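Each of the two complexes below includes chain A, the first together with chain B, the second together with chain C.
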Partner chain A sequence: MRYGTSTKLGSIAKHAVLALGAVFILAPFVQMISTSLKSSQDIAQGGLNLIPREWAAVENYSQALNATPLLQYMLNGVIVTVCIFAMQVLIALPCAYALAKLRWRGRSTVFALVLMCLLIPPHAVAIPVYILLFKMGILDTYASLILPFIISVFGIFLMRQFFMTVPDDLIDAARMDGMSEFAIVWRVMAPTAVPALVAFGIFSVIAHWNDYFWPLIVLSSEELYTPPLGIATFRTAEVGYVFGPLMAAATMVIAPLVIAFLFAQRRFIEGITLTGMK
Partner chain B sequence: MPSSDTMTFGSAMPAVSVHRKRRSLAAHATAYALSAPALFLMGLLLIGPVLVVLMMSFTDYSLGNASFEWVGLANYAEMLEDDVFVKAIGNTLLYVGIVVPASVFLGLGTAMLIESLTFGRAFWRAVYFLPVMATLMAMAIVWEFMLNARFGMISQLLTLLGLPAKNWLQETSTALPMLMVIGIWQALGFNMVLFMAGLTSIPRDLYEALELDGGSSSWSRFWTVTWPLLSPVTLFVVVITAIRSFQVFDPVHVLTKGGPNNASMVLIYQLYQEGFDFFRSAYAAGLTVVFLVFIFAITWVKSRVMEKNVHY
Partner chain C sequence: MAAVGIHAIQKSFGSTDVLKSIDLAIEDGEFMTLVGPSGCGKSTLLRIIAGLEAQDAGSISIGGKAVDDRRPSARNLAMVFQSYALYPHLTVGQNIAVPLRMRNLSMTERLPLVGRLSPKAAGKKVEIDRQVRRVAEQLDIAHLLDRKPKQLSGGQRQRVAVGRAMVRDPNVFLMDEPLSNLDAKLRVHMRTEIADLHRSLGTTFIYVTHDQAEAMTMSSRIAVMMEGDLIQVAPPAEVYDDPADIRVAEFIGSPKINILSGIVTNQGTVGCNGVEIGIQPDCPAGAEVKLGVRPEKLEIAGPAPGRLTAEIRHLENLGPDMLVHLRMRDEADPIVARCPAENLRTARVGDQVGLVFSPGDVLVFDGTTGLRQPSRFAVPAPEKIHA
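Let's look at the complex of A and B:
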């Protein structure tokens, strides 16, 4: 009896502590959505009302869409993230297969190189890669956003670990059927690796959809901006106190990933925590 | 001479070995072909650039110049005299020194709280994970608005309590701490899910065994089972958070520009300024090398700790 009440109390206390922490975690989201619904007079009046006294949701969201080509930015974001991921898979999968399932001289050296490259943060190669793109004359293009990221050593590492668990019999059977090694990679290995590919895809898309540093460096044409860069310009261009539309823009930028996350939580958490497995 | 024997073997053996050699050569060729694109790009976009950065840091090259001179350690000597650099290093270390322990302990605490619940786990996990998903740039702008002295939620709350509101991001004493708050806010949920994965992998019977031995307080459960068994995960989390914190850039660029008066200047922001605002490529390369030394040092310490790790 006493035991029961104390665990019940304990459980209530735990939820209370978590709720308190959640105030800190959720406050920016609440502020963002609340402000995105308010008229500028309402915002200027101040106060802690979360529900607008004077609604301006439609105005704010349409102004956010009209004042900047926000939809164009989002489209750019989609193009860039999809191309990066497609190229990463195209390049990483064959290499991962060779590392996991073929015996060849230099295999351990190549794998050691992959592990070494895992340590190199993107900022560390920024200057030479920028100069390379400059010499190639492709700064300020989609290519300059995509090219530097088409090699994912993390993807190679991850897929290699996954391929190690695929039974050799499967590959031998495919060889007996006269399949080439290239065909084995795409028609035998890739289909078995769908869960790992999904996790890798989520990891990759999140990283590049949210990336700010690289687009900031290579882009100058506004029509190529990705969402993070777009919203940063929105803030500086629409100075002063048009906070309503600014918060509406922020809401729309984070919406796609947050909604996708709420629908597929487990997959997203797996995808993101993959970085923890390095 | 036993020629006939060697002849028979001799004629058979080379044939087999040539055949094998051909097959293995073909296998080698396939393996190289499969990994060639990846290898080429690793060289072009990762290993090559790191070597170039290292060499460039000993020159006076700046983007657009046709030629350059070797200047030895001049860039590194300049750093020691450079107040901005000294400030950036100090601030970065301070940032890492606060954000890492805070987000690791809060992440661990949250993970343990959530894991011990009988219902509502998925809900709380989703709530705390939300900042990890959200585009940091957009959320940094929201934080800026929250901290706005006139309209922001935080300032309004403080005013309500009779406390002074200020422009937190524009004050020398509060700019960096505010960036730390944003950093902790973002890293907490990430660390939490890593710890949750670690916690679920601890075998339940260890706790039962402990209980049989008479250690049933949550304190002893934590120190005798959870903490030691979690130590490899903790090490991972600390290292990852440290590496990420060393790279803090987005909020600095959009909210403070390293100011006021370099009060929130950090290493990657200075690298960005020197490399892409002032186009002093060689000096920025030197800064990159310093950054890399820190990253490699963290990794080295990690592997040393892992070697010595004798828990379980």
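Let's look at the complex of A and C:
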């Protein structure tokens, strides 16, 4: 019985640690939602009341939607993230297939280069890319938000790792059945890689939905603003931060991500663990 | 239906020669088994026939036509893989339909929405469904057509893989160790089924396995491969009774053939462990030879002068038969005899016994090359030597 109690204690301790971590991670979100429901007087009073003493939910959210074209910004965000992800998949899957399953001279060198590219921080190449887009004359367009990210080295790497686990026999069977190499990528590899694609999709969409740096550099017209830039417009020179509407906007901006993640959660975890195996 | 010709096929990976000029003519409708230990090149040869691997030299012909520049699908072969290689995201029915869809439908007709618009495609799809159903019924998997491969047992997956191969009505079936992922009982059962399938289809089968029992039980002819060479091509009985090489003799047959070392005496007979054995190989006196005796040809008798003696180390009762594991002085390898169990009621581990066999059952191999040596019985040939 001693064994039983000690494992029970162990699992209580484990859960306590996890719960503590969860509180730590979730606290800012709770604070954000709570603040988005409070009036500005309530916020100014300070203190740690999660339930607003003075409710201003409707005011804050309607102000967030009316003061700025927030829906327009979110639509921009959707267009940009969906285009980026679609193009990334279009490029990463054939590359990953070639790196994982085709035999050709220099394959390991190319793969080493891919790994090296993972180490390059995006900010390091920001200025050359900016100049390139300027020379192409497409600054301040959707294209300038999308094109720099369509080749995802991380995506190629992730999918390559996943494809390595697909048995060669399956590919040979597809060849015997008369599929071309491209057909194999899209009709055999892609459907088997759905968990990995979901994981990659979440990484990609979150990164580009939340990206503040790059849109700030290339955009000047407000109608192309993505959500994070949109939130920043609540900071006004005269009033400083208007916290209530700001938090309401922030809540609305991250809501789609949270909802999408909850739906894809199981697949996402599958994708991560699968690529970790073998 | 087609004959398959393999002409001087060579293949190397880096500095290893995997296939050293293989020549083999497989007749139309034949069940040819390529058998050998792992790494002998049998799978590579099959993949070259399939077109999945390119040979370094030589040529493959199917139905008399060279197919070296044809893609795998254009050779109209079907292959069953060891891992079955079913598409995990498709149902059983869709899996079986893939080869037909790829062959009979154009690229636009295969598209999910556009394909519906063409009336011609609809007719073709009905025909494909009909054929899939026919094959499924033949293999007794019609009730599984809507399941995914994940939901099937190993034996059912195996049938689906065979169905996917059958549906295209190929010239030749290629099978790469299709039974090795099944449990022992099912494997024996599927042996019969595949042999039945071959009989009913009458198509050429090329079957790769490392399991000599599968080779012996199903094939019209066996091609034994070792280290990238084809050593012997013959019907199962001939490979067993008349092996061309000591490696073939050792590979085929379970339990393994017993090998004793001997030296050719001045009289031309063979001396083995100080006992003279009444056969005369075509070898000069003093030459080293290896004698092969199948376990079921060995009899256990009481020890006697002039008789090979050995000690019983272990007894395995198989029911009708008993496997007697023996250790002979001066022989490194254990000797195994397979005897009717009733003859051995009194035998105990540790007993010293004599070994009896007929000289006609002794296979003589050259001591260095391992090649089979023709031999005669010493005159007068006794019916049974009590060597």
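One rule holds in what follows: the second predicted complex is superposed on the first by the 211 of 278 C-alpha atoms of A that agree within 3 Å, B and C clash if a C-alpha of one lies under 4 Å from a C-alpha of the other, contacts with A are read in each partner's own complex, and residues count from 1 in each chain.
Here is the rule we go by: contacts are C-beta pairs under 8 Å (C-beta built on N, C-alpha and C of every residue); 3 or more make two chains touch, one makes a residue touch a chain.
All figures in this text were calculated on a predicted structure; none of them were measured in a lab.
Peer 1: Just chain B (first), just chain C (second), both, or neither: which does A:P167 touch?
Peer 2: second
Peer 1: For A:R175, using the defined touch cut-off, is the partner it touches chain B, chain C, both, or neither? Pick first, second, both or neither.
Peer 2: second
Peer 1: With both complexes superposed on chain A, which partner does A:L99 reach: first (chain B), second (chain C), both or neither?
Peer 2: first
Peer 1: Under the stated touch criterion, name the partner, chain B or chain C, that contacts more residues in chain A.
Peer 2: Here the partner covering more residues of chain A is B.
Peer 1: Determine, under the contact definition given at the top, whether A:I202 touches first (chain B), second (chain C), both, or neither.
Peer 2: Neither: A:I202 stays clear of chain B and chain C.
Peer 1: After the superposition on A, what does A:M159 contact: first (chain B), second (chain C), both or neither?
Peer 2: The answer is neither, since A:M159 touches no partner chain.
Peer 1: Please work out whether A:A56 is in contact with chain B alone, chain C alone, both, or neither, and reply first, second, both or neither.
Peer 2: In the superposition, A:A56 touches no partner, neither chain B nor chain C.
Peer 1: Which part of chain B faces chain A closely enough to touch in the complex?
Peer 2: Residues of chain B touching chain A: 27-28, 30-32, 34-35, 37-39, 41-42, 44-50, 52-53, 56, 63, 106, 110, 113-114, 116-118, 120, 122, 124-139, 141-143, 145-146, 150-153, 156-157, 160, 185, 188-190, 193-194, 197, 236-237, 240, 243, 247, 249-250, 253-254, 268, 271-272, 275-276, 281, 284-285, 288, 291-292, 295-296, 299.
Peer 1: Over in the complex, which chain A residues touch chain B? Could you list them?
Peer 2: 11, 14-15, 17-18, 21-22, 24-32, 35, 43-44, 46-48, 91-92, 94-95, 97-99, 102-107, 110, 113-114, 116-117, 119-121, 123-132, 134, 147-148, 150-151, 153, 156, 181-182, 185, 206, 209-210, 212-213, 216-217, 227-229, 231-232, 235, 241, 243, 246-247, 249-250, 253-254, 257-258, 261-262, 265, 268-269, 272-273, 275-276, 278
Peer 1: Under the definition above, what is the set of chain C residues touching chain A in their complex?
Peer 2: 47, 50, 52, 71-73, 77-79, 81-89, 98-99, 102-103, 164
Peer 1: Within the complex, which stretch of chain A touches chain C?
Peer 2: Listed in rising order, the residues of chain A that touch chain C are 167, 169-170, 172-179, 188, 191-192, 194.
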